[in-house]
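Naming follows writing order (A, B, C and D), and every chain is counted from residue 1.
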Amino acid sequence: MNQIKVLFFATLRDRAGEKSVNIDIPEETTVQALKDIIVKTFPGLQKSIDSVVVSVNREFAFDENIIPESAEVAMFPPVSGG
Amino acid sequence: MNQIKVLFFATLRDRAGEKSVNIDIPEETTVQALKDIIVKTFPGLQKSIDSVVVSVNREFAFDENIIPESAEVAMFPPVSGG
Amino acid sequence: MDYPTIYDITNSEIDINGLLAKLTLLSTGAAAIFTGMVRGKTKNGNPHETTYLEYEAYVPMAEAKMKQVAAEIRQKWPSIEGIGIIQRIGKLYPETPTVLIACTAAHRDTGVFDAARYGIDRLKEIVPIWKREVSPSGEEWIEGDYMPKPGE
Amino acid sequence: MDYPTIYDITNSEIDINGLLAKLTLLSTGAAAIFTGMVRGKTKNGNPHETTYLEYEAYVPMAEAKMKQVAAEIRQKWPSIEGIGIIQRIGKLYPETPTVLIACTAAHRDTGVFDAARYGIDRLKEIVPIWKREVSPSGEEWIEGDYMPKPGE
């Protein structure tokens, strides 16, 4: 298993009720598989997950990408800075 | 005769050797006629006069325009602010 | 030649005068600057009032993406000299500048305006910052609509 | 609604922060600002160094023409809220901001960039200001090339 950290921002943080969580995931877990794990852990994120933006080690990541060991993952809605 | 004031700026002022001059001109004098008068008074302005910009009472003026009584005329090269 | 690239996510007031000085080299003759402010009264679309906006950022990634926006600008407009990208975060009230993009160059006709415009457009697409709007009728997160693509 | 129009010909330092505040209304969300600075080192065209520029203005007419530039901007981009046009005059050294055009609006996509660009282009055509360049090799008046047309 790999331990990773998942950060939540904006609506995702509100709905998760947490700023971040450390979780263990199987090796070769993809972003899509992580989303499924996260929704199981935080059912409140169900309605956010289809339009979630995911980053892995501070780069945008996509469903088929594999999450490396000790990754810093973040999940957030489309950005609205400016 | 109308008394008017003519201001010179930039290269025109350098070549005239004056910042401004008060002169009497016949009624109905046009900008073109004033240019001729000015060049006679300030021969150093001969080479400036073809590309001079003229204003009358702070609006751009053109050869055929008639100069009104007590006008404030200015003569200057194309502008270069900014 | 090293051209200045400044990016910052800050809780402090944005100082345009000071930033511009840092982006001005001996060869610089022109700067285009964009700033956005908190709009207290919105007329278009859904007319409403805003009491304040509260910004948050995923700071290390936001810094990396600001750096990327600057790199994209330099690639598209090689004449750009200095680039400044500042986002203010925290609770910001109407009329307060929240964001700034500044691009300098030797001359005004080699892309400074387009570069600044590109900078603010890209910031609003890929830099992970979000704002929550508090208004007399409640509060809500403002969500963008841009989904980043692989390689962005 | 009275939108602010500020024009100034000044011997003092240009304060962008202060000007922007004066051009920001409750309905304002975006500003595009152009500034020009004295270039100490010019690479293009005729490469040379500049020790300083000395600006002079036909002040009352320059003010009237700045007002006209602002009116032209408002006619072309009716969404513009605040307009600021500042020219600094006197002896100005490299890296010093000399001119500023700022346009504000509710949103960034209704012409602020184009309006600011138009403003600086028009200032360089019709506002009676001139500069003399002093360089290590001598000094000369910089002359523009725009001849105003009737009605301008």
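Some observations on this one:
By our rule, a residue touches a chain if its C-beta (ideal position, glycine included) is under 8 Å from a C-beta of that chain, and two chains touch if they have at least 3 such contacts.
Just so it is clear, the model here is predicted, and its values are computed rather than measured.
Chains that count as touching both subunit A and subunit C, per the definition above, do not exist in this structure. Look at the CA centroids: the one farthest from the centroid of subunit D belongs to A.
For this pair, subunit B with subunit D, the centres built from the Cα atoms lie 26 Å apart.
Averaged C-alpha coordinates give centres for subunit A and subunit D that are 49 Å from one another. Between the CA-based centres of subunit A and subunit B the separation comes to 74 Å, rounded to the whole angstrom.
None of the residues of subunit B touches two or more other chains. Residue positions of subunit D touching 2 or more other chains: 36, 120. Inter-chain contacts, as defined above, occur between A-C, B-D, C-D.
By the touch criterion stated above, subunit B contacts subunit D in their complex at residues 7, 9-11, 14, 51, 53, 55, 58-60, 62, 74, 76-82.
Against subunit B, in their complex, subunit D makes its touches with residues 36, 55-58, 60-62, 64, 87, 98-99, 120, 123-132, 141-150, 152.
Residues 15-17, 20-21, 24-44, 94-95, 97, 106-108, 112-113, 116-117, 120 of subunit C are the ones that touch subunit D when the two sit in their complex.
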